[in-house]
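Only one structure is covered here, and it is reproduced in the block below.
Should a chain be cited, it is by its letter among A, B, C and D, assigned in written order, with residues numbered from 1 in that chain.
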Amino acid sequence: MRSFGRIFVEIWRSVRFELLSTLGSLLTIFLATLLPGLFWIASKNLTQTEAELKSGLTMDVFLREELTVEQITRLTKEFMGLGGVTGVTYVSKEDALNRMMQKFGPKMLAGLEDENPLPASFILSVDKSVFTQGVAEALSKKISRYPEVDDIVFAGDILNRLGNILRTTEILGFALSVMVAFAALFIIANTVRVAISDRRKTVEIMQLVGATRGYILTPFVMLGGMLGFSGAILSALALNWITGYVSNHLIKLVFLESHEIFTFIMSGLCLGMVGAFIATRKYLKI
Amino acid sequence: MLNVEGVSKYYGQRQAALSNISFRIDKGEMVFLTGASGAGKSTLLRLLYLEEKPSAGRILLDRFDLSRISKRKIPFLRRHVGVIFQDFRLIPERTAAENVALTLEVLGKSGREIRRKTDEALNLVGLLGKRNNYPYQLSGGEAQRVSVARAVVNEPLVLLADEPTGNLDEQNSRELLELLSEINMRGATTIIATHQVQLTAKYAKRTLNLVSGILEKETR
Amino acid sequence: MLNVEGVSKYYGQRQAALSNISFRIDKGEMVFLTGASGAGKSTLLRLLYLEEKPSAGRILLDRFDLSRISKRKIPFLRRHVGVIFQDFRLIPERTAAENVALTLEVLGKSGREIRRKTDEALNLVGLLGKRNNYPYQLSGGEAQRVSVARAVVNEPLVLLADEPTGNLDEQNSRELLELLSEINMRGATTIIATHQVQLTAKYAKRTLNLVSGILEKETR
Amino acid sequence: MRSFGRIFVEIWRSVRFELLSTLGSLLTIFLATLLPGLFWIASKNLTQTEAELKSGLTMDVFLREELTVEQITRLTKEFMGLGGVTGVTYVSKEDALNRMMQKFGPKMLAGLEDENPLPASFILSVDKSVFTQGVAEALSKKISRYPEVDDIVFAGDILNRLGNILRTTEILGFALSVMVAFAALFIIANTVRVAISDRRKTVEIMQLVGATRGYILTPFVMLGGMLGFSGAILSALALNWITGYVSNHLIKLVFLESHEIFTFIMSGLCLGMVGAFIATRKYLKI
């Protein structure tokens, strides 16, 4: 019945005289979808990095003096019994010096071998529960009660604060993305409105000779969908390129996975169709 | 066929464009609708092709009650009603032929059939030579005739003509009325609104005369 | 006043809408322009109010050569030419009064003067009661009369009327022509295009008759 | 003659029935101008930070052994004679240890006093010329020829590379900003086009009764200007807030100066007027 041919003729009628305007709107939609994409990728990478940092984070327990093997065994066992601790490693004074040398180079610390000033320590691996409010404090209080323990260093607080900042940024980014999505919806609606407003007489007359809503709506909704779809594809390509560029020149980033790309592009399509639908409806009387 | 029962139409509160109009038109009849400028002729036709709804009264077309019909059904009803608009209502970005074809396109007719019927209709109004002219490339009378071709191309059950000869000279007017009565012969119930009383006289058809929205007298 | 010298107008190559037309109209004259549908009446008027340029020939209006005038001067010339369009050309989102006022607004007249003159003009065409109606709220004939009011509100030097009675019944047609000839008496050179030959007979004015773009005969 | 009243009536006619659409376009322009603003502020701050880093950067010349006062005086004088060096400070082994202790805390390095493993050094302040290609290499070559010199450490290379990355990012940001400015132009043009396309018959008829181009253009150009102007003001307010927020929660940032804000807002105004002019012109016949 209603052939695809006709729909494309109708779309072409809209685009034909307004090629420049259509390209302009494509550029705008491309830019508009770029921003949510950037935030998506940034948030994905930040979340991942934060998780990695957290999983690699340790609590360093410095000791007053080197321990005997029995002491090590006992304390290891007792520390493992504490909630949130997933691993315990003993670092002797000598191990500590070796680690320090690896960090700063042997030259700088030459001569330190003779009289090693570094203390022995336990390094505790911890799980995520430690990042909840108050847990880390309780844990370090418990540990500091052991007479062998001199000092405890835990970077979790800083990381937690960093995490909060990241989350605030993410929320801001999300809010901005939603606004931008609205803007994209609006841009598409406006482009379609120009197309239909230029042809409002046509629409009116079509209705008078018996065209149904669907018959009139379809080409415009398709036009909107195509705009959103193409904009999102261009945007995905650009994001891929940007991610690659940053990975090569600055820091390694992961890109969206294929199902996420699919979601991204389909969102563009839907946005376009909804925008066009909203814009077109106003011009229909019945 | 068409049954108008006590129909009134008010715009705002001040004045009624139509007051308590009642008449019946049988299938296949040809009726003239006369009256001075502003008498309500166009308003009455607008009610018949559902561009507006009556403020009071009922309009029955075939089995349908036009005052109650649901919005979704309006397009399907309009497909059986051909309208020649007083202001032509041609689509500016389509050629004469494409304008005529619109009625058939909407029905999903095949390209071949559309072309054949369109050419036939344009030939009928003597404008086959202007088939590729856009509306702004047509004279007033030519535009009016394209509007006629579009209204009749699908052989409607009801044909409504609003001032179809307003922009035509005598010669063309006579030819157009011949054409309308020919289409009427083929079975289309036809209502022609006009202020050219001398035309109606010549055809000796039933005439409804409106005076300020009131149906005055019915002559035959 | 108006001097048309060998004017032709071609659309595309096939047919000339006007072929080698020449005539002179003196200041204050009233002239009818007749011809069948598609004869070229509207085309000729369009050349006079500069919506289009002639393909050949010269048109002199007062001291101005219309075929050579610069684009920047067109608006200022149009302010002295009142036009009644065949298709009315009313602004849809303005009321009747606002449509009539447009001519004066463009000239930067004061609000008070605009209101006074607008009401005067609407009264002249008998539509003061519909001053606040939008065009879609007017009947065909009413819209035509608003178009007349807009054309005459600024007392133009030249008044062009394209089929000003096409949508009017006899009574209204006669009144409108009375109005136009009255405005002509006040000094406006007036050209009225019409296919209603019986009208021109009644007025016994000079008549230019177009047949397929050729100026056939001139009757007086 | 042509009163302001009329112009605002015309603008109001355009906006009245399309209030939502006008607000939408305002939001879009606001977002569109936000991005160049963000890049402007970021670039301003990064440039400033980079300049600060560069001005604080030093070349560390490590020595084989502590020098005598004469040696110090001689070398200081000679180093000062080298192009690009603006200051020379001698750091004895003891000074070095003190600095290190300040950095890492005295506890970690306790016992180091007895046998100080750190070398003495000269710290050379350098000027910007050192960051040009090859100059730093030539300088360190000259210095390394002195028999007293053991090793030279200069972070300029890394900073240079960082600078390059910053500049690439800035160029990308600028390109993106230009695109976004085009998009904003387009959005405004499109909004005005909807307004004028809805009223194209009006425009045509106005011309036929003798309205000049200017008479018809002015209200639409003003509408575009107002959109661009308001969008830019909103954007400036938001940028001010964002800068403040980041300053309080992450890192101290400087905001645009008042003449820069003025430029920013005036750009919005001009963009709007140009966009509207382009959109309107098409609908004029004469």
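Definition applied: a residue touches a chain if its C-beta (ideal position, glycine included) is under 8 Å from a C-beta of that chain, and two chains touch if they have at least 3 such contacts.
Just so it is clear, the model here is predicted, and its values are computed rather than measured.
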For the pair chain A and chain B, the C-alpha centroid-to-centroid distance in angstrom is 62
Taking each chain's mean CA coordinate, chain A and chain C are separated, in whole Å, by 68
When centres are defined as mean Cα positions, the distance from chain A to chain D in whole Å is 24
Contact graph of the chains (line, ring, star, complete, other): ring
So the touching chain pairs work out to A-B, A-D, B-C, C-D
Listed in rising order, chain B residues that touch chain A in their complex are 49, 51, 71, 74-79, 83, 85, 89-94, 102-103, 105-108, 150
Per the touch rule above, chain B residues touching chain C in the complex are 11, 35-39, 41-43, 86-88, 137, 139-142, 145, 162-163, 166-172, 195-197
The residues of chain D that touch chain C in their complex are 1-3, 6, 13, 199, 201-202, 204-213, 215, 286
The chain A residues in contact with chain D across the complex are 21, 24-25, 27-28, 31-32, 35, 108-112, 114-115, 117-118, 165, 168, 176, 179-180, 182-183, 186-187, 189-191, 193-194, 197-198, 200, 249-250
